[in-house]
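Both complexes shown next keep chain A, but they swap its partner, so chain B is in the first and chain C is in the second.
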Partner chain A sequence: MNKKIVLYASALMLMIPVPGRFAYGIILTLLFNLVFLAGTSFVFAVRKYITGTMQSVVIMTFLIGMSVFLKDILIFIFPVIVLQLGVLLYFPALSVFILTAVNRKGSSTLQEAISMNMKDSGCFSLFALIYMLLRDIAGYGSISFPGFNGILAVQFINSAKIPFMCFLASLPGTIISSTVMAVLYIHVQKMFTIIERAGITDEK
Partner chain B sequence: MKSDFFYYALISSTVLMYGLGLNRISYMSRHLDKYFVTALKMYIVVPSSSLLCWIITDKLLTPAGMVQMFPFICIILFICISACCEMLMRMAADITTAEFSISFLCTLIAVNESSTIMEVLVISLSCVTSLFLLIPLIYALRIRLSVCSLFVEFKNDSLIYIGLAIFIIALSAWNISWLNPGVLP
Partner chain C sequence: MLNDANKKTLKEYGIFMAFLCGMLILLMLLTFFAQKFWVSGLRRQVSSVLELYEPGAYTVTDYVSLKTPLDSSAASFVLKNKNGKSKNPVYGIIIRIMTVYGPMPAVFTYDTSQEPEFIGFACLTQDMSDRVKGISLNSTIQYWKKRIPLLFTVAEAVHE
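The block that comes next holds the complex of A and B.
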């Protein structure tokens, strides 16, 4: 489980350079899932015919091609957001999470491969969406959603009046707050392990 | 050109501000054994693939109205040049996934953000420079932290990331510093 958390945390790094709005999180998560789904299906289709180093090259080319295609579709639906995200839309295709997961062996049917990979992708998406929602609330005091003319934000705190919120919305603020969250998570996990061990000792 | 170079290498470092390889830089800074070989390889592959991709985008894709396709052309060219470079430098090392992604994203940024052929060259070189300026700094920080007695919670790369955030603040501080001639004419 810990290895999975590390992998999620590493994949979550692709959300850090993105402006801390929930709307951008939704778009990137959607793109991530679609690229992941297409990548899994593609790997399953070609794994018998292309092997070795060539397989990684073909997979990467396919994932980038898929990102180009999906970006073109997204331009029609959310043109302003796609313009704002720019090159960041190609980041999910090259994330360690996708490259590791699509190459995973152990499934005999396509359905099995998709259900196994999409379960991981769903967990990551949940993590990423909660993370982006927290960033939006803490940094801008709003919840935003993607719209045709940009983002639609529901403002409930005036973040300009609170300097600490402006820091949280910035890039260094995001890195520091994410790191602090990770450290707190490890600390809480350690505490739970101690309590668990103590419980076992008492039972004995 | 000089301002472009310093902008992408330091002030708006591609690693720190664009977040390109933010997670991979921590992995790449663990050992400096292959630092110079990797640097040499990236200094050859990234500018050459960026240049070729920019020429194809400018001369073929733009007139055909297919600019959106440039990442696809970019990855094909990048893989070909990278493979040639690997064959020539077989003695050195195999290309890692981290290195591949960072190099490719550098190429994408260089092609995406430039309007002239000289700009492509300068931006691609400064992207690679920003990466290789940061690796020794993080390596030094890692060594310094390994000497300290830290809490278990901080024993993973947590403090490295906080260090990266401090680097960003330090580099951005110049924009609001009174020493900046833009502030005090």
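The block that comes next holds the complex of A and C.
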């Protein structure tokens, strides 16, 4: 499977069910990166001692444990966001598992393994953050950040008065707009491929 | 007799069990310490939503443990009615409900002699909260209005 598609699909899988606020994007991206970093280090640490099927079981158990651990840590700082996101806070572990399943290359040192995996994680995070920022601006007319007492938002448009923005803020609106953007992206990419091929033919 | 393959399997299972036990102990301890922050953070939220929609009407007091698995997605508190209208206990509940905008923390008040009343959503502006309320009023909000009294049949007040 195309690695890029898996990367973006798992980012969307993580972000679509979440309310379209940038604040939640920051929290989930942070969780994803921490789980990813801890997961990579853990795989490196246990691979000498545990092999075969047992290794996947141990890795999955660790990722779930790590998610619960980070959820508990978040309760200390943002309890209402933990209440709101609920099981969605366990989704980063799933995304990490999918990405590491695609990206299981042998690496000799921990540093090499981290730099290799964190490159994917960086692309994933950037895509997810831009996606959530656009959703926040288009749907809620604001840019929001996680705060001790809920979320802190810089509101520049009262989106509740604009039906189209309300539609974009809803989950069906998000799915439809994301699909339209994906179709447009594929269409533009195809056009560029055609132009590129035509250029090569001319040279010949 | 243990051959090398069995020894290796036993060693792997041993490491896994030790790891699992260590992780469970750590998580239980962390969950225990996080409980206090969970209660105080959600109490602040219930209080601020009540102040926004019904200013000066209630004071949020004791935490009420719901004694159901929903305790991880809801929290309830005893409310002190400042106007002294009701003689029955009044509760303030913050609960995650699914809306067309994704999961939202909804605040209800529940006077045990009446149906629960929806107050508003935390983490949303008043206009946006009213918009989400308009869409969810006949579906999820109605569902939770019927469900909340059932939760309180096993609830137990925790006085701090």
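Operating definition for what follows: the second predicted complex is superposed on the first by the 190 of 204 C-alpha atoms of A that agree within 3 Å, B and C clash if a C-alpha of one lies under 4 Å from a C-alpha of the other, contacts with A are read in each partner's own complex, and residues count from 1 in each chain.
Note that a residue touches a chain if its C-beta (ideal position, glycine included) is under 8 Å from a C-beta of that chain, and two chains touch if they have at least 3 such contacts.
Only a predicted model underlies this, so the values are computations on that prediction, with no experimental measurement involved.
In the superposed model, A:I186 lies in contact with chain B only, and not with chain C. Of the two partner chains placed by superposition, chain B and chain C are both touched by A:T61.
Shared-chain residue A:M13: touches chain B; no touch with chain C. Of the two partner chains placed by the overlay, chain B and chain C both lie in contact with A:G86. Contact with chain C, but none with chain B, is seen for A:K161 once the two complexes are overlaid on the shared chain.
Of the two partner chains placed by superposition, only chain B is touched by A:I176; chain C is not. Looking at the shared chain after the overlay, A:I50 reaches chain C, while chain B stays out of its contact range.
Number of chain A residues touched is higher for C, counting chain B against chain C. Of the two partner chains, both chain B and chain C are touched by A:D72. Overlap of the chain B and chain C interfaces on chain A comprises residues 17-18, 57, 61, 65, 68, 72, 75, 86, 171-172.
Across the interface of their complex, chain A is touched by residues 11-13, 15-16, 19-20, 23, 26-27, 30-31, 34, 37-38, 40-42, 44-45, 48, 72-75, 94, 96, 100-105, 122-123, 125, 127-128, 130-131 of chain C. On chain B, the positions that touch chain A within their shared complex are 16-20, 22-24, 68-69, 71-72, 74-76, 79, 97-98, 100-101, 104-105, 108-109, 112, 152-154, 156, 158, 161-162, 164-166, 168-169, 172. Across the complex, chain A meets chain B through its residues 10, 13-14, 16-18, 56-57, 60-61, 64-65, 67-68, 71-72, 75, 86-87, 90-91, 94, 96, 99, 171-173, 175-176, 178-179, 182-183, 186-187, 190. Those residues of chain A whose C-beta lies close enough to touch chain C in the complex are 17-20, 46, 49-51, 54, 57-58, 61-62, 65, 68-69, 72-73, 75-76, 78-86, 88, 140, 149-151, 153, 155, 158-161, 166, 169-172.
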